[in-house]
């Protein structure tokens, strides 16, 4: 296992499969792993709000018998007094056995990892990467489809700023599945991500309309289109309306299609889908615990 | 023990006594219960500020060897991004073994419990209920008076919006004690609570002046009158002044009268009372730990 | 060990050395102390933002197997509803085994300790004291210089409002080292602190220019000069510029000089110093864990 987890680019297929296999083992009997990391402490540095990621990391280490210390909100910490990320991270590296960092600036995790000699996990850096989200996404896909190769996967929404999309796309290239990107003009995959994907041998299939591709999909990964990305409200409403999933949108969807979402969702997926066999986004969030338990247990094993 | 604790209405006398008896046993030797819930995790979802309730739940589970995960403040969570309570609660139900929820909207706890299949404890829902506060109130009364029947109990202050009052009143109806409600016009017990109490066989005695009833009371339960409830400052000052407890107010009080308050108090009770034998409000808050330990240990026992 | 730790004034040389010796023992093998305080709970009441102090207390008790409960930020607690410090502290004293208090008002810790009968540790009270910071400062000095007597120590920056300086100065008087105070006019040591130091037999040497004394120093303790202390921006810039440490400032510094800082630092110390042998401020912050483990383990030992 690598000492740090900054992006999914550097992860090999074997490393990914190792985490997923271990997570699957843990999921069968999580309580038998209690005590594996007793006395270990994870430092949580979240420079941006987070519920799911932070809480599931907390759950993961506590289910292993360890504990957390948290910087708390930026407003209540030394960051408010103007302390640099470099100083904060070096200090906390003397308290904790590993650090989980979320930061609004792309590249922050890589920079921070250079200052310390304990493991650092990137829990989201701006529009950059979010590799543990990807691991739980892959875990969810594999659990549902029973494989990671030979799938037709659609990724829809804000593909420009969505770091979960960037992380997931890079990881999928290690497997033999096809990626289809569905987004409005202006929110398409950034050129650098597209370039990376193509360089690693993937074809990048882009669409502006879900209907063009829906009937062929095994997985549809939906992400949020954020109001803030649009100059005016009307433009936003027009665009986002086309990327909403409801019963009508899914009329021609394959029966076995599974719909994923990193959450939180606003109205990209109508609650009327929640009870259907298509919906696996809540279960997807739950998978974060076993996957992060696996990752932490592998990283902290001395 | 019930799977969820939403209101005190549904609790039987036997269920209440079971918790209180177990809490009394725990209080005698709390450290011997350490380890009972090792590896268990409580999810704390507080959509409103709380010190006492949140901290005593945290203390309770940690004294049992378990741990907590917390959504943190609303501003720092996905709620700020607009996530629905239903989504948040379903996600956290995949992380935790039980959920403690405080929410500003009456009925939120009942609604939320319908979405999940792990135990949920209502830690206050708007002007609705606050059942664990009631359990610790009853525990305090029983510890002080050595019984829950045959008492004359006064409840004073804002009886309209005070959820602790609503919860406590419903619970007292299971016992053979008399309830006396003392409040200013406009802050009297809501009709639906009054109706419920009368339907369960209780007489509702209402007063606007403490002096009418003080000399007969065993217990006086004081609650805060909130400034926000009054259209103008002068009206507030006039009314709230009549509902303040100090040495003078208590001149004709029975020697054995005990004064309770759910805290925080502002100036409803003068600090000059703190050292007197009447004051049991600080001890009352401390009882929250044993009672919540009892409740959690009964609920999580598998 | 004393029941409470409010100031460094009351600490004897022997008590200080006891904590430092125990911390040194712990530092050699911290994991062997895991479990010493299992089931114990520390109540964290921080009425002001803090990263280092709060997180290192959390780390310390968790490394001993104990846990914390935290009031959280003032905005999210009953304090926001107007609860008095006296009430809050009395309530929490019923939950926790010891309390760590930070408060913006000088004297708050002493006042608070009078209301409760569990140990209280002052984690900073306004411009007053910060005794655990001092213990880790002394630990750092001793670890680096291998003694606490016979040293020439410079303390520079805002000596008027800096509580770490006040605490450290009082403690140094128990040892046979010389204290040199370097500060701009207006930010010099307050008269009451100066008086206390002189009364305990110390000479107070004051300078406005680091160059006057730098070449003789073993230790230079730098503190932040806060913008808020100055009526206008220009005055601030002029003054603070003279109290910044960089390679040029240190041209005539002794080779063995060690530079300390309680952190967070703004620009008092240039990052170009970070890699030099002079810099021990990051290590200094790390020492907080062993020192606080020692203190808590001694205090909670029953």
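As written, the chain order gives the labels A, B and C, with residue 1 at the start of each chain.
As a working rule, a contact is a pair of C-beta atoms (placed from the backbone, for glycine too) under 8 Å apart; a residue touches a chain by one contact, two chains touch by 3 or more.
All values derive from a computational prediction rather than experimental measurement.
Undergrad: State the superposition rotation angle between the two copies chain A and chain C, fitting on C-alpha atoms only and giving a multiple of 5 degrees from 0 to 180.
TA: It works out to 120 degrees.
Undergrad: Do chain A and chain B face each other with the same patch, meaning over half of the contact numbers show up on both, or with different patches?
TA: Interface between chain A and chain B is built from largely different residues.
Undergrad: Could you give the separation in Å between the centres of chain A and chain B, each centre being the mean of its C-alpha atoms?
TA: For chain A versus chain B, the centre distance works out to 40 Å.
Undergrad: Do you know which chain C residues sit against two or more other chains?
TA: Touching at least two other chains: 67, 73.
Undergrad: Which bits of chain B are touching chain A when the two form their complex?
TA: For this pair, the touching residues of chain B are 38-39, 41, 43, 67, 69-73, 75-83, 86-88, 90-92, 94-96.
Undergrad: Can you list the chain A residues touching chain B in their complex?
TA: 31, 34, 49-52, 54-56, 58-59, 62-63, 65, 67, 73, 263-266, 271, 282-283, 285-286, 289
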